[in-house]
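Shared chain: chain A. Partners: chain B in the first complex, chain C in the second.
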Partner chain A sequence: MVSTVWQNPVLLIVVPLGLAFFTPIIGLIRKELVKYIPILGMLFNLTLSLFLLPKVLDNPIIVSLSGWKPPFAINLFVGPVGILFSILISLVGLLTAIYGINYIKKGAVEKYHMLFLLLLTGATGIVLTGDIFNLFVFFEILCISSYALVAYNQDKNGIEAATKYLIQGSLGSAFILLGIGFLYGLFGTLNMADIARNITTVDSPALFIAMALFITGFGVEAAIFPLNAWLPDAHSSAPSTISAILSGIAIHIGIYAIFRVLYTLFGFNSIFTVLAVIGIVTLLIGEMSAFRQENIKRVLAYSSMGQMGLIIFALSIGTVDGISGGLFQIITHTLSKSLLFLCVGYMVYSTNSMELSSLNGLGKRMPLISLLFTIGVFSLIGLPPFIGFPSKLSIILAGLKTGETLFLILIVLMLLATVIEGVYFFRIIQILYFKEPDKEERFKTPFTLLFPVIILGLLIVAIGIYPGLLQEILDRSAEIFWDKLSYIKIVFGG
Partner chain B sequence: MKKIISFVLLVIIFIGIYFAVSQIPYGKDKMSVSKHYLNNGVKENGASNIVTSVVLNYRGFDTLGELTILFIGAIGLGVVLFGFETKGKDIKSPSLILNAGSTFLFPFILLFGIYIFIHGHLSPGGGFQGGAVIASGFLISYLGYPKKRISEKGIHIVESLGGTLFILIGLLGLLLGGYFLSNILPKGTVNTLVSGGIIPLLYVLIGIKVGAELAGIIYKLME
Partner chain C sequence: MTLQLILLIGFCGAIITYFAGKILPVLREIFAVAISLLLVGMIVYAYGRYSQEIAQFGFLNFKIVFTLNRLSWLFAIIISSLSALSIIFSLSYMKGKERQDFFYMMMLFVSTSMLGIVFSGTFLQLFIFWEIMSWSTFLLISYSKGKAVKAGLKYITMSIIGSMAMLVAVISLYLKFGTLEISVISQNIDIASLRYLSCIFGLLFLGFGVKAAVVPLHTWLPDAHSEAPSPFSAILSGILIKMGIYGFILMMYMVVGIKIFMTLGVGWMKFHYVFAWLGVISILIPSFIAILQNDAKRLLAWSSVGQIGYIIVGISMGTGLGFLGGTFHIFSHAVFKGLLFLTIASVEYRTRTRDLDQLGGLIKKMPITFLGGLIGVMGLIGIPLTNGFISKWLIYKSLFESNRMFLLLFSLIGTWAAILYGYKILHNVFLGQLPEKYRNMKREPVFMQIPIIILSLTVILSGIFPGIILKLINNIAFSFGLESLNVNMWGVVSETGTLNIRNIFFGILAAIALVSIIFYSAKRSWKVSQDDNYAAGAFVPVEKYNYTVEFYAPLYKMIRKYLKDVIDIFYCWIAGLVDALCNGIRKIYTGDIGTYVGYILFFLAFLIIIYLRG
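Up next is the complex of A and B:
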């Protein structure tokens, strides 16, 4: 018994949570220790998730809490998708935490690290839980800590963006809660597998309305058009570490929640066509808005919005191939966008300006950071040999495989969006390398800032060259993510 | 134009939600899960208050999450208000009645709050409610003595310890019972103070933590 306790997946949530609670006491003992706590928590999560991955690929693990069987108590559903997300969260969390050691100096530093850790805990909780209300609770943890962190700089932009985000996010949360209330009224249970098991017994428009409420509510966090007005402000005025987490993790968690609910709970397959169209619209609007921006962080924020559209499109194709491509694109975007935000964070920190013109000739002044920035950009556009190439390719192939005219049109639009994306990103590259710098002096980058960015860059190249490493895991994850019947079967055993 | 569009949208949402609510058979007899709680709750947990038994045992993980949300609220406020200086000059001294009254009432309010969370597994009430009552005690003492400060350090230690111990009890359940938050202590006799296993312990921790957090929030906002 004792020997297996250390591999219980519930520790992925509980250990970082406990560390966050314990932080004030550590802060009283020694102030400097506080900034290493998120690193410790995320290192633990990364190790445990990597250890669990081969196990859950064969059989997802069901963890009951409080000692009762589902549906009477909350249970965790630890499948390959959950662990895949958990690895991404802890990897990017770890690297960003290392980056944050020297980056975060002003303000309530201790509270920053606590909120940072809690945000990641909330994200991990969402992807692992198998209970709809528990999902809501972790969703609130994720959202509320991100509202506070967006306002961390205490400048006017930050407070304004956080207020906007807070109002829209709370409305979204209220919608989700209402949806949960409807489901509970219809089925008398909150366990997702239990609801999924009984969903065919009820034929009521209330079911459809509950689904609409879920899509809208989670859609605010996932930045689906037209629910994304908060995103460019929030992502651009937060500290860069937080932008990296919000763009790299938080919005994907919103997408995960939407599709977990759609795949597992509801059986309306027609909604996927609508979502695919919305996804492409989000993609086009995001890329076109990014095109016009003069502020580097806003460019990245709008590009995140566009990428969300692409991921939603891929997950709405409604085949295992499509889901696998969507998950691949999530990995691409997480790695590339956090790389970009961390690079830009350092550029903005050194040049003290977010305007594109202030980046003139930085390629000569900080060659390594600029090179890594270029890798991130190329990967987002989808150029080989970076990770973005195989992921975008697999989405296109999955779409073509359906053979439907609608998907053919949507894919053409998607390629058009990629061209727009390429144009504005190449403009930035041109500014970096082919404009004359204002000054000649070079910047010296501290190691703690450089290390995370290099690791991300290496991962992007490595997976880009050997996509086969991931493909098998992704296909298996997609299969389990899509298969509702096996989800029910695994939770209730037999 | 904008107003008309938002009005139309609101009407659509209203109709949708009204439609859904009118269709859902609330309170009908299909609540198999809640029936299980009602029939087996006392036996399985030893707490005579079924609500408490659901909140802290069957769905204890949610409660941990809600506790975290409140905690985030408190620190989030600290982040946003960081560095604001207390003025403290133009505060008028309150009247003698408020002064004496708050001194007199403070211990009783604390006592009442503690009673609510200690009896949470027997009677209505519990940690969140008890914590709110305790915080109201601090509010009245603040009104009586606006210049007096409670130690912020103390609040941090209390809320940090409350949360950490909650998780440690849960982990102990994982270690000894095989499940996180499983009820490892003996259930005791129903309807006595020492019953319900870990439930009263958790409620005491929640009560203290919530009390400290809300008191901290009150003091921060008052300044």
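Up next is the complex of A and C:
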């Protein structure tokens, strides 16, 4: 199936993992080189993923490790969803790494870059693997590196947030492991396709408990209400590059894990209604908590929480349209939120304060960054002509298409949350542009900081004006993501 | 291609203008004026070339269609020409202000997005341009900082609520009809039940009504219109609020069709009754609130709410005459309210204030502005030979013919209030005593004079030859299936009473001639200094007395206590509640790790309990 070594999807995991291990060694030789390693790794991943995308749209690729055929060995399931996520991960990873060249200067730089790469490796592994235990391992890689990175600044807030995150995260991981244990006990296999094939043969409460454990365990990372209490602290105390990765990627990976397990293994329908409601509750709570925040990074963190709710809602609608809308919203949120965190990172760096009042009149002092920040905000609210509009539109469309009263009510609530979101974000825009600055002098932004943000901004506008670019990919991804039978068939080569 | 080209030129032109300003300020101004004039030119050129263009690109699965019909041409020409005049006006007004690149860019952005709205052939585009218009307006309203920030936030909050309602309606239409193309929906409108259409109307009423500032959705308007930069206030009051009306006309006459619309409603409450009454309430109360205002722009803003009421009353009659009157009033209000805002802007530019208690006597210092103000107020009140007279006459006539005497009575009372506040603004700004500090004031700059003169001439000319526009509107009405009226250059011929401006014109001409003959042949006037006969011979320092303070004092005392904006107070109360609620919700996150672990266990238990329950 794979023609040459250089096109093997395994490299998406192996290359960054290898580079991560070499980072400290290279750091011993020359310290300045370290910061270019993540760029290298992510550039490779981005190229390879983009190259693989057209191929997997037709036929997902199955890679068996160590030569055995599934279900006897760990296999990778490289489908459109996995590659879509992999593109997002490597794109945001690449841009954040470029941003980091000038941004991360003090502290343990080698460790930062190593953990950064590990985090991204973990994320890529999760979306590509076809084995539930393997998924857990990558999940742990992701989580542990993010615990460490949250505390990177080594100040009181960072360490406190990281500890809290660690405690809640490990509880979640324990639940996942427990869930895997249940499944292994029932089926004697860890291959997801294999479990999925046999799941109808077993009718046991243990199955449901396993599912509840998975939802709760992954839910901690996915920031489902009320499992998301770590998020505002962690996202706001981490260095902004890490906030961008956490908000832009890590939490989406949590959502991916939940829905991969639900769609592929369980395929239960009744739980989706519950999840849809929980999603909207998460959305409302997130947006309402953000409403009165005075700390800019916390505002963004709470807004991430709200957006997670929206995505969970979309993915739980239970139609291909809904999933496609949910995936679209993931792209929106990844691009917009990383853009916002990177912009805010520079604002906070320059003004030395995270208070909203310190942003007064920044529109004049750093015009380009403020403009891009505005684009990100408009996109998140869902205003045309930015990417947030078509994604929100397709979610609402999918929800109303079901014709169920429950979904109608949930969508009305979602729109109310949008109003709240709009108000607090518009207030920030006013602070940026329509308040008097305390000083007049302008900030000079280094190019390495500006470049990633500009790219993200351009993507947001380009896809917003012409969303047709993504349409086909999203629809195809949604079909494959959703369809359990074809998943089994592809893995076992039906 | 033309319509897409117009929009493309508008949007790209806006962005180019911004960057031109970074190079050279003059370049920006040349660009802004050139592009706005180019838009006017292209729309004039498009007259009569009514067409439908299907765009090459789609949006998700939706088709993109641009249409030009008579209705949208009428709106487009009003939008583009008023924007061009405002931009020319801004050349002087904005001089020395900060962030002008942004200002000009947004002015072009707002007007192009409004053009986008009227050119939309599908509801999706309508919504997209609607949203672009909303946020760019928000940025312009907040431009002046200070109080404007609050006004902007109020505007955008109401605006988002409106657009969310509109979005639900639009998507629901898509699910019902399988398309968003306006022409296709209107052909298949029969498949929708009346109840469904009533729901859609309810939602769209929120969406369009917020922009149109119909009572009870008007509360953003007085703040926003008074705090926005004045040339933009002219656009806001002149055309932006008419976009809501455009939406209403589109739905009532084009999509649903007036026959079905007249039967829509919840139970015995028919929408067209509700509409007409909301219109009348919008005329009556805001017009009296306007009398109380001492900020000139706030007064005009309240007056806009009142004037929108006339339009709504007119179009909700569902008769040819009502439609003619309502739509003509869209045009006349755009012209005379734009004119009034620009005159106040030029007064503000020279005097740095728009407080009606401090101004006065500017007639000698700014004669052209005074003439503009006079003609604007005449149009507002509806004095014959101005376009306001034509529209009001038609609206009253249609109320009379539909036998809606209460509506007629209240509208007339509203006009009475309009006379009072119209005179107040004219007197307090231009007549009476000139305050000492303005003795050495210069005249208005030439870029302010040009738009004022053009708009004044338009008020008069379209008041004398209403037929030019009436014929166009009559054709629109005919295409909507309304009865065609006999319209000629001088007015409307009908059995129950013909409107003939020619007779009025010559009558007034004769009267003026008569009065002037008497006036000049008598020749007994002499001039005295203002200080001569005042205060019964006792010396009063010149700056001590001022006619303008507490104008209409007895009337104030009488009506003030009845005229609180109860709706605004109610909305603010709700906003306060939401704010408190949000602040409370935030406390879920206590910061205590024990609680958080509790949450996680609770969630797991919750999932399992749900399972056990069923």
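As a working rule, the second predicted complex is superposed on the first by the 491 of 494 C-alpha atoms of A that agree within 3 Å, B and C clash if a C-alpha of one lies under 4 Å from a C-alpha of the other, contacts with A are read in each partner's own complex, and residues count from 1 in each chain.
In the analysis below, a residue touches a chain if its C-beta (ideal position, glycine included) is under 8 Å from a C-beta of that chain, and two chains touch if they have at least 3 such contacts.
Since this is a predicted model, take the numbers as computed values, not measurements.
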Between chain B (first) and chain C (second), which, if any, makes contact with A:54: first, second, both or neither?
-> neither
For A:446, select first, second, both or neither according to whether it touches chain B, chain C, the two together, or no partner.
-> neither
With the two structures laid over each other on chain A, which partner does A:112 touch: chain B (first), chain C (second), both, or neither?
-> first
Which holds for A:212: it touches chain B only (first), chain C only (second), both, or neither?
-> both
With the two complexes superposed on chain A, say which partner A:147 touches: chain B (first), chain C (second), both, or neither.
-> first
Where chain A meets both chain C and chain B, residue numbers = 205, 209, 212
In the complex, go through chain A and note every residue touching chain B.
-> 1-2, 5, 8, 10, 14, 17-18, 20-25, 27-28, 63-68, 71-74, 107-108, 111-112, 114-115, 118, 121, 125, 133-134, 137-138, 140-141, 144-145, 147-149, 151-152, 154, 159, 162, 178, 182, 185-191, 194, 204-206, 209-210, 212
Using the touch rule from the top, collect the residues of chain C that touch chain A in their complex.
-> 57-61, 99, 127-128, 131-132, 134-135, 138-139, 142-143, 145, 148-149, 152-153, 156-157, 160-161, 164, 167-168, 171-172, 174-175, 578-579, 581-583, 585-586, 588-589, 591, 593, 595-597, 599-600, 602-604, 607-608, 610-611
Give every residue of chain A touching chain C within the complex, in rising order.
-> 163-164, 167-168, 171-172, 175, 205, 208-209, 212-213, 215-216, 219-220, 224, 226-227, 229-230, 232-233, 274, 285, 288-289, 291-293, 364, 378, 381, 383-385, 389-390, 393-394, 396-397, 400-401, 403, 411-412, 415-416, 418-420, 422-423, 426-427, 429-430, 433-436, 466-468, 471
Along chain B, where are the residues that touch chain A in the complex?
-> 16-17, 19-21, 23-26, 30-34, 36-37, 44, 57-62, 64-66, 68-69, 71-73, 75-80, 82-83, 153, 156-157, 159-161, 163-164, 166-168, 170-171, 173-175, 177-183
